[in-house]
Amino acid sequence: MNTSLRKSIRPGATIGIVHIFFVLIGFNMLVAILFARVSGVKQPDAIPAPVYLMAYSITMGIWAGVAAAQKRKQEFRQVAFAGCVAGGFAGIMAGLLEFGLAIILVKNINVRDVLTVLSANFIKGTLFGMQPAMGVMVTVMLFALGGTLGGALVAFWNSTPFQAFLNRGIRFTKDSVQKAQGVTHGKNRLLWQIASISLLALAVVFLPLNWGSYWNYVLGTVGLYVVLGLGLNIAVGLSGQLVLGFIAFFAIGAYSMALLNAPLPYHLMWGFWPALVLGVLLAAVAGLLLGLPLMRLRGDYLAIVTLGFGEIIRILLKSDVLTAYTGGPRGIQNIGGPTIFGRPFVTDVDFMYLIIGAMLLAMFIYSRLQNSRTGRAWLAIREDETVARASGVNTVRYKLLALVIGAAFAGLAGAIFASRNQFTGPEEHSLMASINVLSLIIVGGLGSIPGTIMGAFALKGLPEILREFENYRLLAFGALLVAMMLSKPDGFIPSRRPKFQIPIQPETREAPKEQDHD
Amino acid sequence: MHALSLPTLAVKGARFKKVAHVFDLLRPILGAIVLAFIAYRLYQVLIVQQEYGADTWTRLLISGLIIGGVYALIAIGYTLVYGILFMINFAHGEVMMLGAYAGLFAFQAFNAIQVGGQAQTSFLNAYPVLAILLAFVIGMFISAAIGYFLEKIAYRPLRKAPRLVPLISAIGASIFLQNAAQLLFSPQLREVTNPDILRRGAGWTISINNANVIIPYTGVFTFVLSVLLLIALYIIVRKTRLGRSMRAVALDKKTAALMGVDVDRTISQTFIISGALAGAAGVMWGLHNGMVYFYVGFIPGIKAFTAAVLGGIGNLPGAMLGGLVLGIVESVGPAALGIDFQLKDVLAFVILIIVLTFRPSGLLGEVLAEEKV
Amino acid sequence: MIDYIIRAKEVTKTFGGLTAVNAVDLDVAEGSIYSIIGPNGAGKTTLFNCISGFYTPEQGDILFKGKSLKGSSTDVIASRGLSRTYQNIRLFSNLTALENVMVGQQSRLRENWLDAIVHSPTFRREERNSIVEGMKWLDFVGLLEFSNAIAGSLPYGAQRRLEIARALGNRPSLLLLDEPTAGMNPQETLRMTALIRKLRDAFNITIILIEHDMHVVMDISDRITVLDFGEKIAEGKPGEIQTNQKVIEAYLGSGGAALAQKYQRKKPQ
Amino acid sequence: MKSLKFVVVLVLVSILVTACQPSAAPSQAAVVSGAPDVCTSDAFGCAVFKPGEVVKLGMGAPMTGGNGSYGVDISQGASIAVTDAGDVKGWKFALDAQDDGGTAEGGASVANKFVTDPAIVAIAGHIFTDATRAAMPIYEKAGIPMLSPSNTVADLTTLGSAVFNRIAFSDTNQGNAAGDYLFNTLKVKDLAILHDGSSYGKGLADTVAAQFAKDGGTVVATQAITPGETDFTAVLSAVASKNPGAVYFGGYAAEGSILVNQMKQTGLENAVFFGDDGTYGVDFLTHVGANGEGAFATIAPASPDSAAKTAFNAAYLAQFGKEAGSLSPYTWAGYDSAAILANAVKAVAVVGSDGNLYVPRAALMAAVRATKDYVGLSGTFTCQSNGECNAGLPQFVVVQNGAWVAVQ
């Protein structure tokens, strides 16, 4: 067999396996339902019309075709053919699967105890409601057709005229960007800054009013996770300490707010602001107390200990021992909101503003710290703790400081979170939440502020966007998380190091002299 | 020559102050307080209250050893990957879960096959040893295959990436595998059919204080299996060519490659072995605990990771020791200190923190008393 | 009366059963260039690590500017004016060259995190000054044009020089250089030698170096100590060391030493 | 500066995104010509459905994670109810089941999503208490009634909520009865209390303990287990040393069945196992086998195998390939809660003169609360003014010969 053919069969087989997996979890039906919905059917049946399932088959074929045709510098016909072979091979695998399914259907074998989705209706639907032999044939054909299409698509994409068109577009964009940069870096720089800031301010003021309570809630959560993420970034991204139980500090903030502000169990009824401040302080103190015994630990040992700390906090909060003080598993409710100038802040819009404020504060502090002696000390510790210490960095102090400030950020986010939900309970602060925060800063790009924002969108916004995928949403999320790491190992927006103007003339070549003896 | 003057940095030049390493001073005090507290509680529980009799203590100890055996079994696979790649394979628990499913279905199938002439029995009970062996082979094979593909798809492309990136990829893979299992097999809790000779709950009975204390067969099996696998793995790592390659890769990938070690292959093999261990742990889990569902890998995975760190991660006997210590602390600890069993995980993690405070590299990990230069 | 900046008395350091440094005395005069040489595994780097605080010697004491270093951690020692470089370059490779130097200045700065958040006057002044000084050190080692380059991406020789610039960041009175010319070509080595000399001449920084290149050692050293198997076998001026029988034996073995003597006798012809 | 630029771009993109979103605010008080009078007088206005649109019932439930089986199961039960409900004056019902993970964050997120969807008229849920607590105030503002099939925590109906209703037992109800039964009928003197640390299990366990002590019994041990684990021999051994006559467990079938099995190996062979409505179900029986003989549970009084229930079980098996009740004990409650809501919608919906369907929201809230003597699969329900729809005394059941049997 020639290598070209073999090269096409490999992606075909991969897609075939993916397809088999999709069918066995019933994902093909969901895709068909989504197709139906897109094309205007309001309430598609659980088994949508065959045409949508056919569309699914073609889509899978296209995927196989594109996968096979990529990286091929050949002429149109060959590439299309490669796509056809890949699609066809995937189709044959799909056909084999359907053949098996048809046997199950005809012989009336009950496999649902193992593979739940394979009901008779489902199998009939997968066979497009046709006779099994016919269904298998149609499947193979559709896959092959899709594959050819995919191959053709790639070929067209690679074709000279299209590439030329593309290049022109890219050049145009580049030129305009450069021109814009010229504007922003020239003497109009200030103007540009003012313009962008005022645009930002406008957006911040008006957007929450207009995008409804759902988006306010989701984006509010994203905002709080930005604050959390920046806090964790100080510990992980800047000072290089892998903290896995970060949500514990969030919990401390949330519970401080809850216990001080809510009517039960203590009826302290503090105002929002003092409770917020105390929550932040308590979280910071917790960071200090946790940090003290752990300063000798490195890397993964620190990770597991902080993970343990997170679990300790969660279990204690829900334990029988502390039920009288923390509400136990029931949590605390009726947590109040803030009052600003006599006006109570209670609606979703109000909280959005509050969260934006917290986010801006966190970003401000983070960026200020990042480029200072403190920030450089953290970075040096991250890079090489031993050398940093020998260069005069008091590593213990700076590592503690990173934990404390990071914890304070988390406490801030937690306090606002509890107040916004009017409720907090121990299960809010589970290990999965810590893992989410860690994931978001790495997906976004360790240490970078825009990266953190991006990561928060990806980690907290994406699952909401994926709601269309129903039960498959976390499956898709897990797969996307892997895919994001594979395609962008440094995160979406990796952090950059600051550039400094050279303040002295290189020509002088002057050795610095010790002169000041004051 | 007129020199450029240097700006003053600090107002009074470099002041040096003695940094008080507060905690270095506090550490012995902390240790003394903890020890005193433990001694006091032990005195209270054992001497003053005398809450539990010898039978209860024996039961607790047996329970601890068995739980510890399970943790150890999972932790060995964890620590193997860590020892070679310095990577936390977060999806290890999920690989184990899929192994448990494989075992579940294998036993189910064996139970459905009827053999024998007149006295119809299932294959499972007619040839129980063979059936168990086969189930283990199937479970280990499935898990090994998943381990292999996991490495190939999710970790290998990231080998040169920063250390935390494969960790996140592993977390993603873990979420994916968990949900895939839920969607494939439904979220139902399933019951493993044990062969009669290894019935759950059955065991040797000993009599202490006129109370029957049962040592369950499955528990002993778990314990023995984890010891055997540990020994087998130790031999592989220490005595075989593959083990030599593994150790070489662990020390320095580049140099190993220059010396003719196929690094990719070695790492693949590591994951296959680690997956097979997870599969064995999964099948064992099903036999001993009986419950299999998609979430079954998560908590044991975390616990096993804890055990591996407690023992000194990367160290094989350390994983075993860590697992056993963790199991015993969880079972005996709350009773001995007279606290709620709900807080057993708190106790376990507190012990972990204390151990790491005094031995920053775990119980059997190499001790870096001084900074490495 | 000579001022000694380092006085080490009977420093002993063991690892397990192995004695890496055995009762070594070391007196380094202020303003001198002092070399420590010896075959591989002689304990040179271990001695360095004892001086710079990485290791605590089991026996003996080290006085730096008359005060004991015992019990001080490396950061405290650095803040007292003792800097070092490393045998295998250890830069903060993801930071820029300038930032590396600025990390070196840590112990001389006073701004804290609160100053950084509010941009207090102290912060502004110190930041500005520390950038200017950092640039000057970079200029001094010839890396000014690379000031914003990521340290890990610099060529090998530049990385060595950057390490020195970083060590200079805290304005040390004593600088320990661990094989500064290792892996360099003759030109680079010459440049490095000149740099070391300039450091002493312009700033009166005392320099202790470990070096294998005998040309360099003989060229710039005021005094030399020779270690072998953790013991000091010779100390003296370059000329004395060159002719010391023990040293030659340590390097070449006793047979080799005999050969070398023949060779040396022939050489003047 | 880079980050600022980035943020600007981000904000612009989000403006675009939100501009493309459908109008977020629900079409409340659509006082258009053709709306019936009831809409103008209704405090929350009407939901309007054009011909061909569907009337949606929402459900927030954990579909993923460790508790995923509850959400999957209850939503599957409810989906059958929605099919069975037929149509309301020609408009079809649909179930919109969303994953809330059982957490407050998820609950609030789902609730906010539901209140921005004008087609959602009522919520069959939420399933877990944390989610319910966070969701309640959000529905309160939008005037969307809830009917939870599974929230048992006592105080939920004491908060004065106008929207929250439940067909699950309140803990007080179930716990007091169980405590009395243990002391008076089973003559247990020494009781051990176990629970799974959830607000459900702990709430019940605390109530039982208090009632049992009030009756004159002694609670000899109180311990909690960690849900999701599978080896409880240690805690059972500790409990066994106190020689309790019975073990009360507040929690679910998964842990309950493990406890029953492991009680036999830890010296509690002779203690009675007493569970709750969460441990009841066929799942429990398959897991415990012979070990389960004599185990008690409490359930809502219902004719065990009515024709409707048989039909439902068959439909469930055909559609989802599993026996009803094998994923969670709340399958039937899920069906009932959706069915009751659909009934209430049918009672209040009116077709306007413009041919649209109008569902007045406040009237619907009242209609749900006015449910009386509704005979469902899991019990007979009459809602009280605080939203308690299952105030009757529980039925005690015991395992005999491998089946649940009702006792007095």
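A, B, C and D label the chains in the order they appear, each numbered from 1.
Rule of thumb we're sticking to: a contact is a pair of C-beta atoms (placed from the backbone, for glycine too) under 8 Å apart; a residue touches a chain by one contact, two chains touch by 3 or more.
Computed from a predicted structure; not experimentally measured.
J.: Can you list every chain in contact with both chain B and chain C?
T.: Of all the chains present, those in contact with both chain B and chain C are A.
J.: Between A-C and A-B, which chain pair is linked by more C-beta pairs in contact?
T.: Per the contact counts, A-B leads.
J.: Taking each chain's centre as the mean of its C-alpha atoms, give the chain farthest from chain C.
T.: D
J.: By C-alpha centroid distance to the whole-protein centroid, which chain wins?
T.: Closest to the centre of all protein C-alpha atoms: chain A.
J.: Calculate how many whole Å lie between the centre of chain C and the centre of chain D, each centre taken as the average of the chain's C-alpha atoms.
T.: Taking the average C-alpha coordinate of chain C and of chain D, the gap between them is 72 Å.
J.: Any idea how many Å lie between the Cα centroids of chain A and chain C?
T.: That gives a centre separation of 47 Å.
J.: When the C-alpha atoms of chain A and chain B are each averaged to a single point, how far apart are the two points in Å?
T.: 28
J.: Just curious, how far off is chain D from chain B if you go by their C-alpha centres, in Å?
T.: 36
J.: In chain D, what residues contact two or more other chains?
T.: Within chain D, residues 64-65, 72, 197, 224, 321-322 contact more than one other chain.
J.: Among the residues of chain A, which are close enough to touch at least two other chains?
T.: Where chain A meets two or more other chains at a single residue, that happens at 116-117, 319-320, 386, 389, 394, 471, 474, 504, 508, 510-514.
J.: Give the residues of chain C that touch two or more other chains, as numbers and ranges in rising order.
T.: In chain C, 54, 73-75, 79, 86, 105, 107-109, 126, 130, 132-133, 136, 170-171 touch at least two other chains.
J.: Mind pulling up the chain A residues that touch chain C in the complex?
T.: By the definition above, chain A touches chain C via 364-365, 368-369, 372-377, 379-380, 383-384, 386-395, 401, 405, 497-500, 502-504, 506, 508-514.
J.: So in the complex, the part of chain C that touches chain A is made up of which residues?
T.: Contact set of chain C toward chain A: 52-54, 73-75, 77-79, 83-84, 86, 90, 92-96, 98-99, 102-109, 111-113, 115-117, 119, 123, 126-127, 130-133, 135-137, 139-140, 144-145, 147-148, 150, 166-167, 169-171, 198, 202-204.
J.: Name, in rising order, each residue of chain A that touches chain B in their complex.
T.: 21, 24-27, 114-117, 236, 242, 292-298, 300-301, 303-305, 307-309, 311-312, 315-316, 319-321, 386, 389, 394, 396-397, 431, 435, 438-439, 442-443, 446, 471-472, 474-475, 477-482, 484-486, 489-490, 504, 508, 510-516, 518
J.: For a test of understanding, state which residues of chain D touch chain B in their complex under the given definition.
T.: Residues of chain D touching chain B: 64-66, 68-69, 72-73, 197, 223-226, 228-231, 233-235, 237-238, 240-241, 254, 258, 261-262, 264-267, 283, 286-287, 291, 321-322, 326-327.
J.: Which bits of chain B are touching chain D when the two form their complex?
T.: Listed in rising order, the residues of chain B that touch chain D are 51-53, 55-56, 59-60, 62-64, 66-67, 70, 179, 182, 186-189, 191, 200-201, 203, 211-214, 216, 285, 288-291, 293-296, 298-299, 330-332, 334-335, 340-342, 344-345.
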